[in-house]
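As structure tokens, here come the structures.
In what follows, subunit A forms one complex with subunit B and a second complex with subunit C.
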Partner chain A sequence: MDVNVKLKENLQIRAFYLFFIIVTIQVGVGIMGAPMYIFVEARQDSWVSIIIALLYILMVLFVMLLILNSYENADIFGIQVDIFGKWIGKILGTIYIVYFIFTFFSVLVTYIEVIQIFIFPKISPFFLGILLLLLVIYSIVGGIRVIVGVSFTFFVLSHWLLFLLYEPALRMDLTHFQPVFDASIIELLNGAKATSYTFMGFEILFIIYPYIQNKKQAKFPVYFGVFWSAMIVFIATVVAIGYFSPQQLEQLEWSVLSLFKIVTFPFIERFDYVVIAEWMMVALPTLILLMWGITRGVKRVYNIRQKTTLYIVSVLFLFGCSFITYHHVIINLISNVADVGFWLVYVYPFFLLPIIYVKKKWRQKQKESGKKS
Partner chain B sequence: MKRTRRRKTHNNDSIFPMTVDELKKLITGKFENNHDFEFSIYEHHGKKIAVFFISYQVKTDKVEDFLLKPLLSKQGEWTSKSILNEVPLDTGSTTETLETILEKLLIGEVFVYVENDVEIVSYVLLKKEHRQLSKPENETVVLGPQVAFTESLITNLNIIRWSIRSTDLVLEKLMVGKRSPREVRIVYMKSIANETDVNTMRQRIKDLEIDQLEDSTTLMQYIEDSSTTIFPQFYSTELPDRVAYTVSQGRIAVLVENSPTAILAPSTLFSFFESTEDLYMRWNVGSFLRILRFIAMFISVVLTPLYVAAVTYHYELIPLRELITLGQSRAVVPFPPIIEAIILEFLIELLREAGARLPTKVGQTIGIVGGVIIGQAVVQAGLTSSILIIVVALSALSSFTAPSYLMGTTIRVIRYPMILLAGMLGIIGIMFGLCFLLIHLLKMTSLGRPYLSPIYPFRWVDLNKVLFRLPANYQYKRFFSFRPKDLLRYNKSEAVKKQDIDE
Partner chain C sequence: MIKRIIIILFLVFSLSGCVQSKTIERLGIINTRGVDLRDDNEIEATMVIYKFDLETKNISEIITGTGHTVKDARENANLKTGIQLASGQINLELYGVEVAEQGLMRQIDTLVRDARVSDTMLLAVGNPTASEIINTSEKNVGTNVGQYLHDIIQQNIKTDVLSRVTLQDFMHMYYDAGHDPFLPTITITEQKPTITALALFKNDKLVGQIPIEKAYQIAIFNKKIKSVALEFPIPTKPFEKYMKKDDYNDIDSDTFYALFTALKGTSKTKMTDVKNLHYQTDITLKLSLHELTKEINVKGPEVIKLLEKQVEKEITHQYEELLTKLKKLNSDPFGYGSIYRTNKADGKLKKSEWHDKFPDIEVDFNVNVKIIRHGTIP
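Our next item is the complex of A and B:
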């Protein structure tokens, strides 16, 4: 396996699109339930937790970019093989792939469950799974150009949902935020950790980075993308805390979706139905990017054709999602993904960076000593 | 090596010299049962001269006045050289092989052969019937030039030349069709058009291996990027001003002999919703009309499916007061909403098709009968609800706002799968359909250029040419997404120069 990725010129994308990739993969289904999880930990100071989480993620991204820039044109799979050797590198790569598989699965199952809860209680998850996976397959077959295109257009076409929050925002009770700074540091950090599932996904940067045409301009879209998704979660959480009473919010699983229930128009009575349908445009780019990560990873690590992986994995997902229908299983799945993902996404890069630097130094020394002798 | 061999065979193919009688036998043998073929033999100073042509392909009075008269009145012998030299016609040329003779005969050339000469002389005196220029029928505009292309390629080229009076304008000639070739012209500005695009287009047309070409719309289907999709990828237009504008913006037009429509390439999805009228209007009005069309298309695709979805599954979506009226009007309808909607959509489609096939005078009657009488009767008979009539009429009306007839039809056809999806899965089905359409559009290309540009790949500078229009001083650039050789239309600094008060 080559450490560096060689790509045709026409497959590369502008760094500008990284913003949309990062935002669409981060904001998926996690945000629908995020306010409750954060609120349980940090209470009315949840918004501080989100800011802490944002700052921490910015640090992680800084480290990730350092790692990626220390190579010419490599992705995480190549880097790991370069650092840890063929075997351990491949195992670590496999862990990444498995993590992506489970994240994909959790997103798929969650969205299907939401449709079942809010719109069609009796529809078979198998059927919905077919629909979503068909769209995923269809766009991935189109290649990176279509995948990035989907994340860009769906970003634009789904952001109007934010404006609908004005209705609950107008009815916020500001006393819900008092007293300010009541939570202890531990509680705030726990709240920040509760956002980990929502904010996950930016690790796609590790895989898509070789595809970027102008790597020098990549920093700003990446940071700004994370900032943007943090802002969306921030707005959703603040409005949810202000709108619902603390007792209500503790028990509301899909608090963000419930926020839209109050929105009515003269021609549409219940807007939350439209929102849940529209959420397909939010969930799909996440699914597509994750699936691309899976197929790309398998190709890099095991050199299997992306199409083969795509079809096999999709069939497996299809059967998986029709079997997992109990709510507690899904919740368990999500919390497990969040736990594993926390170490892999938020902590692992900090370990990787020093190893890379040490290895680089060591190699340089070897080279010099080789020259001397 | 190759070239010399070819030349040899060429010489071998030469059928001359021969006697006039032999020639007559040879040529008439090729035109059996063809009474319009005229072969006359004249004796002139003891030498036989043959003159032959197909009578209706040639201007016979010219043959008599300018060819036969000088030919027969001269003192002295004729050779092919002296004919070319002395006969007062300027399109003369010489030929040697039978194949070329037949080819030229068909397009209306007149042949003169002096017995036992080594070559034959021919003159282009063709007669081609064509109709007068008329008003556009399919793409009507209120403002701007009221002229449409005709079936005559020469007339069409003439119009284009007069629209773009520039030496940069190239009208490249290609022949398509093995059995009966037809002339195809690629039109572009050589200092503006992207060379890759021109090459791709030329290559695609040259690579065609078909027996004959029916029309420019069929040529379009042969050279499109994807033949499976329902969306047209090239714009087919009958308006010369549209062709002139598009070509001067650096894109390519293709004209086909005997076809009154030109192909414009590359095209984006949005160009199908642009009318040349947007340009002739003031920018703000033009923008309004363009946005109106986009909204109309969205309504056309989504409205009936939404009705089906809401009435079948999501009563909660409908506000209470409307729900009461809707319930009352639907109470007598015996069908589920999806059948109800499909019946009515089908009815409208039938009316449109019947109106298009019938002569104009009868067509209007069909419109009235269908629209007013049947619509009224259907509701009274309790077959559909009156609200659905409004919904279906609105979406049909919206689909007719597309300036391109091809795109309008596409939009109307897309509606049916959307209605089915809405009937099966409600609002989720509609969303699935929309997502599928978007991904599909993202995948498509037109002449290798992305179909959805400038939305994706996103180009901020191009938005003002596609989604809306701005005043002329902001429109100083050409469409960047298609990479024209020369991006600037005029100088920006002059265009946006602002004056101080009272200067």
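Our next item is the complex of A and C:
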């Protein structure tokens, strides 16, 4: 397999769209429960944790871009093969694919469970799985441009939900934030770590980067995209902490969705139902981008056609999601994905970068000594 | 193209069948629910439901059921009707005094756990029992009891007689350590349901009540009050020289009454001494004079000043009285405990800890009244 990717001009996208890709893949189902997980660790200083997490992610992205820019036009699969050789490189690539598969699965079952809890308690997950996967398949078959288009459209179509937070925001109790800076450094870092599942997804950059037309301008949309999603999580968490009592928030599984329960309009009294349905527009781009990551990865590593993987994996997902019944299975799945993802997404790039530099130097030396002899 | 449209239409019609359907004619939409405790410790739920059946004339109907839990009581009530009861539109939940005295969290648990129940529903206490309130109201009010009961509470929240008492507010006050919840009490007076008192809770247990006229004293801690009517007794003596001439001779009582509406009322509390639990609460009220039971010439700033001072004295007195009562009940609807918590070094407070401390707090009430309008006559 080639380290660098050759792509036709018409398959490439402008760097500007990276912003929408990063935001839509990051903000998915994770944010629905995020405030509780952060709050349990960092209490009233959770907002500091989110800022710490943002700074750390910016650092990770900086490193990721350095890695990607040290090659001409490569993605993570090619880079790993180049650095570690064919076998280890492919195994590492497979780990990435498996990680994407489990992330996809966790998003799918979480959203299905939310629909079951909030709207249709008796609906079969099989049916919801069909609906969601059909849409995912439809977009993937359309190709990279459709995928980017979907994430752009749903970004625009779902962001108005933020305005609805004004109602709970007005009812915030500011004493919930006092005393400020009470949490220890360890607690703050634990809080930052608790955001890892919510903020995951920006590793798609490792895969989509070869598709960028104007790579020089890629930095700003990427950083700004992460900043944007961090801001959304920040707002949601601050409102949730102010609105719910500490003890209440600790027990609340989908705290962000519960925030919308107070929103009523004269023409529709239970607006939270609309919000849950609307949340499909938040979850769907995440699913589509993750699925694209899976199919693209399989194609790069094993050279299997993307459509073949798409159909096979979709069928597996469909059966998988209908067999998950217990809530704690889903929670376990999420926390496992978060644990593995933490190392793969947040730590691994820092190890990869020095190896790449060392190898580059070593190659240069070999070239020079080769010339000499 | 036509093929695609056919496929889409096929999907639209066939997929919508996969979701469970609820036909509105077959549903009983619960609008108000009353929860009482029976002698054998079972829960009796009295529900006002809406039916949208063409054949019946009355759209609202009352049904009851019993069981060990509220949900169980609902299922029991379901046995008595041919329709399915749905709880997504409960606007008001009434608790009998006895249930409230035993603690409401057990009943509220079902409301919180169920994602289909709205957070904006109102809670209230029915004195003596919820079923009596609902049944008597239905006889005397006639149509649509549920909405009627909901509206009298909503109306009083709007006019600032009460603070907001939604499910979310109750939960918020219950879960915040150092803040005890309160709910309005509905009683039957002259055959009609009336809000007569504010029920005070210690944790989730009802411990006492104060008359509804004094509820503004608590409401002012939670929001700006803007339109509530306030009546104060005022001693006659200082005003003797401002009495209108023709009225001068019949000073028969030593107090008269003045009625105001609040144009703006705010409160601010700070802790002056954390260790000894000293607080200072500033209450600022801008009032508009509406009625006096004695004719007093309120022309001139000195009369207004005097009146302001007397009202201030009265309000301070009322607050001190209220605080003594609350200390005795050990219920803190003001949220002094929350302020204590934020001033504490580690920012942690347990409910029981605050209830040990609350009877020892001291508060300086600093009331500042401004009468800025007095109608068209001086």
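Please note the rule applied: the second predicted complex is superposed on the first by the 373 of 373 C-alpha atoms of A that agree within 3 Å, B and C clash if a C-alpha of one lies under 4 Å from a C-alpha of the other, contacts with A are read in each partner's own complex, and residues count from 1 in each chain.
Basically, a contact is a pair of C-beta atoms (placed from the backbone, for glycine too) under 8 Å apart; a residue touches a chain by one contact, two chains touch by 3 or more.
As the structure is a prediction and not an experimental result, all values here were calculated from the model.
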Touched partner set for A:F120, first subunit B, second subunit C, both or neither: both
Partner chain in contact with A:G142 - subunit B first, subunit C second, else both or neither: first
Which of subunit B and subunit C A:P354 touches, first, second, both or neither: neither
Subunit B versus subunit C as contact partner of A:P179, first or second or both or neither: second
Partner chain in contact with A:L131 - subunit B first, subunit C second, else both or neither: both
First, second, both or neither for A:G85, with subunit B first and subunit C second: neither
Touched partner set for A:I262, first subunit B, second subunit C, both or neither: second
Partner chain(s) touched by A:Q248 [first = subunit B, second = subunit C, both, neither]: second
Partner chain in contact with A:R270 - subunit B first, subunit C second, else both or neither: both
Touching both subunit B and subunit C, residues of subunit A: 120, 123, 131, 264, 269-270
Touching residues (chain side subunit A, partner subunit B) in the complex: 14, 16, 115, 119-120, 123, 128, 131, 135, 138-139, 142, 145-146, 149-150, 152-154, 157, 264, 266-270, 273-274, 277-278, 280-281, 284
Subunit A contact footprint on subunit B (complex, rising order): 313-314, 316-320, 322, 425-428, 430-432, 435-436, 438-440, 442-443, 450, 452, 455-458
Footprint of subunit C on subunit A - complex, ascending: 43-44, 117-118, 120, 122-124, 127, 131, 171, 173, 175-176, 178-179, 182, 243-248, 258, 261-262, 264, 269-270, 272
Subunit A-facing residues of subunit C, complex: 15, 18-20, 88-89, 115-116, 118-120, 166, 168, 171-172, 174-177, 335, 338-339, 341-347
